[in-house]
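Letters A, B, C, D, E and F mark the chains in the order given here, with residues in each chain numbered from 1 onward.
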Amino acid sequence: MSHFDALSALKTIRPSNRKPDQMRAVTLETGVTRYAEGSCLVTFGHTKVLVTASLEQGVPGFLKGKGQGWVTAEYGMLPRSTHTRSRREAAAGKQSGRTQEIQRLIGRSMRAIIDLKALGERQITLDCDVLQADGGTRTASITGAWVALAMACNKLVADKVLEKSPILDQVAAISCGIFENTPVLDLDYDEDSNAETDANFVITGNLEAVEIQATGEKRGFSRDEFNALYDLGIKGAKELFELQNAALAAK
Amino acid sequence: MSHFDALSALKTIRPSNRKPDQMRAVTLETGVTRYAEGSCLVTFGHTKVLVTASLEQGVPGFLKGKGQGWVTAEYGMLPRSTHTRSRREAAAGKQSGRTQEIQRLIGRSMRAIIDLKALGERQITLDCDVLQADGGTRTASITGAWVALAMACNKLVADKVLEKSPILDQVAAISCGIFENTPVLDLDYDEDSNAETDANFVITGNLEAVEIQATGEKRGFSRDEFNALYDLGIKGAKELFELQNAALAAK
Amino acid sequence: MSHFDALSALKTIRPSNRKPDQMRAVTLETGVTRYAEGSCLVTFGHTKVLVTASLEQGVPGFLKGKGQGWVTAEYGMLPRSTHTRSRREAAAGKQSGRTQEIQRLIGRSMRAIIDLKALGERQITLDCDVLQADGGTRTASITGAWVALAMACNKLVADKVLEKSPILDQVAAISCGIFENTPVLDLDYDEDSNAETDANFVITGNLEAVEIQATGEKRGFSRDEFNALYDLGIKGAKELFELQNAALAAK
Amino acid sequence: MSHFDALSALKTIRPSNRKPDQMRAVTLETGVTRYAEGSCLVTFGHTKVLVTASLEQGVPGFLKGKGQGWVTAEYGMLPRSTHTRSRREAAAGKQSGRTQEIQRLIGRSMRAIIDLKALGERQITLDCDVLQADGGTRTASITGAWVALAMACNKLVADKVLEKSPILDQVAAISCGIFENTPVLDLDYDEDSNAETDANFVITGNLEAVEIQATGEKRGFSRDEFNALYDLGIKGAKELFELQNAALAAK
Amino acid sequence: MSHFDALSALKTIRPSNRKPDQMRAVTLETGVTRYAEGSCLVTFGHTKVLVTASLEQGVPGFLKGKGQGWVTAEYGMLPRSTHTRSRREAAAGKQSGRTQEIQRLIGRSMRAIIDLKALGERQITLDCDVLQADGGTRTASITGAWVALAMACNKLVADKVLEKSPILDQVAAISCGIFENTPVLDLDYDEDSNAETDANFVITGNLEAVEIQATGEKRGFSRDEFNALYDLGIKGAKELFELQNAALAAK
Amino acid sequence: MSHFDALSALKTIRPSNRKPDQMRAVTLETGVTRYAEGSCLVTFGHTKVLVTASLEQGVPGFLKGKGQGWVTAEYGMLPRSTHTRSRREAAAGKQSGRTQEIQRLIGRSMRAIIDLKALGERQITLDCDVLQADGGTRTASITGAWVALAMACNKLVADKVLEKSPILDQVAAISCGIFENTPVLDLDYDEDSNAETDANFVITGNLEAVEIQATGEKRGFSRDEFNALYDLGIKGAKELFELQNAALAAK
């Protein structure tokens, strides 16, 4: 009996009444903007992120002439995507450390599953803009970004620019945490702001990890606790892979 | 026979096949975010702007102790709201002159129709974020901002913080222009980028203007031409007032 | 009897004792700096703006290789050009929204009356620096900028770089406003800070407009009021055209 | 037989000829600056980081009046701490995303093992400046920062400001990675720039983790691989705890 | 026979045909702006600097409650004050190192001759804006700033705010240099850009120095050369003191 | 009997018990970093500055194609190099005026003694980072920078890139000041913060000056006082030249 099966059996202590290993309702709606080469409105419960994939010819200076492409990401929150209004970063004149950390994470996650040589001297930028935030915006962004990226790559094939998609594998991300001493899957804001530990898993289709970030917010975490979170992360990723495939197929 | 009646009779030259005095389909959807005190998703054809009204206690430093409130606005475009991706202003480290010009316009338009003394020492910020741009984003923002602002004020009444809404009048905005020598109402992007003249009218419920901005993009405009645009602006505003009222009533 | 004739008949209510349709004393002194290709010290009463036109080879990146030139403007106020000292924008690290709005307006106004193809791959920058401010600095800047621009273009002809000046028409600007319910021409600071409505007209030699910006500062304005302001704007522009021509001829 | 025992048996493939589970020579020299309340020059092989702990009265605005203290960190690299010169961040006008990510990590790690209430309304800032970089600067910073922090807290006790040190536990950090398909401890620059996977473990004295960050740089990593890295991280942390204690005792 | 007497005897080698110890025509015009508490348009040949003294109640944060005032300076060049246009610092988003160096120098020079305690908790800001630059703008700024500062202090006495002026002494500044191996007084741009050595002397009424800055631009300078420059600096300062006194008296 | 001999005879009034013409213990340790082409850890008593010389191919834009090289400098203080912590300039987002002034001074001093043509199209950057500050950091930086620069140039010779070193002369710098009415050599922080006058001399091997900066901090200084400082500066420079030569020879 795996960790999460055992956990499912527990009387839930989650504010949302979800079972410990239960994700929120997740939707991945594609084709939501008129102009972008790929787009996906991803929702995890009340969290809503609009992701667009923009294809541009050419690559950044540090890659000029290396015969490869580039994939990068930018992340932002609308000022009132949160419970109380946050300052607009464009008005503040800079992106916060948190923003930069998140967009670097999204970019690395995408680059982990694409063949940049096969992409050719093109750049795809994933813009992840949070319309409404209720926890898990970075993992929702990654999950939706893969869909938008895949669409943009499929378009390159459909347009006969590339023979086949340079995407090598799926990638999805999910947050887990220890809430009231219980490992739970897919933290919402209520849980996240009170969790003892918070961990994000970025998992590929072959169930390897490309990023793990775990933080003991209120106390350290034991190796057993970490393993329980890892189990939950794998479980969540599997569910997300199916939703991603369905979203792409539906298009 | 007024200018716009005459114009309606003409064989249309508009890329969208609209009549010269015909607005695009406009929708004003309220309550689109969970947290904001007022919100409105406004669409003018393919132009989509998400407006939120955020209420905060207190006022900016220059108004401290003056016994009045403040209403201000911020404007932004998602990087891929446009045909080709624009640089994210937060990443660039500053808001462009165009952005500042627009958000100052929205703020002045709102302050023109609210009694700031009656609002008390509170600030309402209207965030206007363009999800998709097809011309007319600033006028759409103003039209939607009034709805979000009215909702936030109505909430102050519903919450028994104020006895009556400090809103004194309606306000809506519409762009007009001279396209292929014909005055037309509500320019879309195709028209806007080729118009000889572009004019924005911000009109209050009593049909007075609070802002007029007209620019001869390719050539100067005659006084007759300007008057034709003014007629169209008034016609458009009247239609928008009805839609605003319906949106508030529907809530 | 036109609007402004009627107004002239009124007992004046202006702090300066001017008649409603009376401009301040305006001077346009050319050749005031040793280095600039064109220069003009423009005064409207106590408002003094030093305008220089700087010619440079080449064009900004977005125009490279398009076989045309560019005209742009920058605007600044000396910190103590105003009644109380304002913060130096260079020290603050950015130009205010107002500054950017004004310099964009000046630039558009100049580009409206010049043949950029005929200018060739050259850029002319109009620097408008306010030495003393008493209202109307943006309209004074435009009026003086045309003189400096014309001088720089004439120099290109005199130097046999161009066969004829690429300037197509004159352009001048004037502010009008509704002060104590009376439409008046050329607001000074006392009037401007108390006006109900403030409108700037940028008018070309053929009496077409290239920019109109009208703002209801304290209340909306009716169409009749706006028309009275427009009449005043045209009257003022005509007077300014004569002064511009005299200034150029005097050189 | 644990992972790292098995690994030790392998013929080493490391450029430095270290065994897979062998750390570089680590030194922690205290009292290296005259002014700071705590200081530590930490070296991991050729990596050298100067850490100072600065005590200041008062706390940042968001903590005013909450009866608790704050611990934060800043990180920087001297421009020529690296193989080729990097741009000075002060000259560039901003800290990179990487810098902010690292200093946030150091700060969280320190706050995980201190009782902020017991510290009282004081702030301790850990400045971690890299004099020479050969991989592992963030983990070296954390390991040295704990020593400097402990010194500053001990000084508060010695100065009779506090009765006992608010430090609750030790904390140290170490990087591990998969290099040529072998899990290895304490990556140097040669290894780091070629590793398939890179993981940082921040471990407390009771062998719990407070931060884990693992990244698949070239490919995903399996759960077995991750577990081998975790084993190495724990082994490294234990060795570092002894060195930290010796450094404090030596003082 | 002093150095400069000897030098005067030489056949001049200066592009301007001035004798080695001959200053350019210097004018100090006061009362040139309507609003500032003190103002002076200072010209040294073609160099023109507009200086205003602005009096404000209160002092910067670091002087709060210390019972003293503050005098500071800001410096700027209009973009086309120079032979070719320079970038506007407000547009560039920062003041150059040169600008900051100069304004710090002006500020120190003024503080050297005023009793800040006697000034009381007031700040006087000297804005030195270069309208036209032909060498020596920093020394012209200091020389003119003293006049503007004295006027502002005299106004405090005239307004019966202070019983007597807090100004303790005069201060003036002049540049000297070694041009074609000859020490010369008051370098203009032609000389400055070709001088072997460039020295600025800030001298008080009792002929003490408060600042000396000498730079060997093309080669080092001997002690004899330096002494010759110092002699010239004293000679120049004496002439400037008379002009300053005349300017104040004329007012 | 020279000035400084006379001074040495006086009963000392220096907090450090040094004689008026006595420098602090100075050390110049070379080869202190692994990567830089030249490096020097320079100490003047408790002042410690780490200087690295970084060689890069190519020159800044303004020198492209002129067939010459460039030498420049950057300066920084670690936040806790001072008695109380200063704000990190990278976090503040800009370098202070003082920092820029100092790094410009260091750069000019180095360029005064190198043949930039002979260096060829290469740039050498001297990074001067203050690890601990007890007065005289700019003069220590210059003194150490010459050593690092010479090492980098010698390396170009050793690597057979250049036939001989482009260094033309030695350069060293020392501060002097008037402390309790006595001219003293090499101010430490205690003296510097209380000195009446502070002067920095940058002297070349042939005992010419390339920079003199003297400031009357509390009062003006007489010509005799200045001459006494100049004598001390020359004495100090001679001692530093020997130490520089010894440091290079020791390597």
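List of remarks:
Everything that follows uses one rule, which is that contacts are C-beta pairs under 8 Å (C-beta built on N, C-alpha and C of every residue); 3 or more make two chains touch, one makes a residue touch a chain.
None of these values were measured; they are calculated from a predicted model.
Under the contact definition stated at the top, no chain borders both chain D and chain F.
The minimum number of touch steps separating chain B from chain D is 2.
Note that among the pairs A-B, B-C or E-F, A-B reproduces the D-F interface, with over half of its contact pairs the same by residue number.
Note: centroid distance chain A to chain F, computed from Cα atoms, is 52 Å. As a whole-number value, the distance joining the C-alpha centres of chain C and chain E reads 34 Å. Chain geometry summary: the mean Cα position of chain A and that of chain D are 28 Å apart. Each of the following residues of chain A touches two or more other chains: 93-94. Viewed as a network of touching protein chains, the structure reduces to one closed ring of chains, two contacts apiece. Chains in contact form a single ring whose order, set by starting at chain A and proceeding to chain D, is A, D, F, E, C, B. Against chain E, the residues of chain F that register as touching in their complex are 94, 97-98, 100-101, 103-104, 108, 112, 169, 199, 203-204, 206, 208-216, 219-223, 226, 230.
Listed in rising order, the residues of chain A touching chain B in the complex are 33-36, 39, 46, 50, 52, 54, 56, 74, 76, 78-85, 88-95, 99, 125, 127, 129, 131-132, 134.
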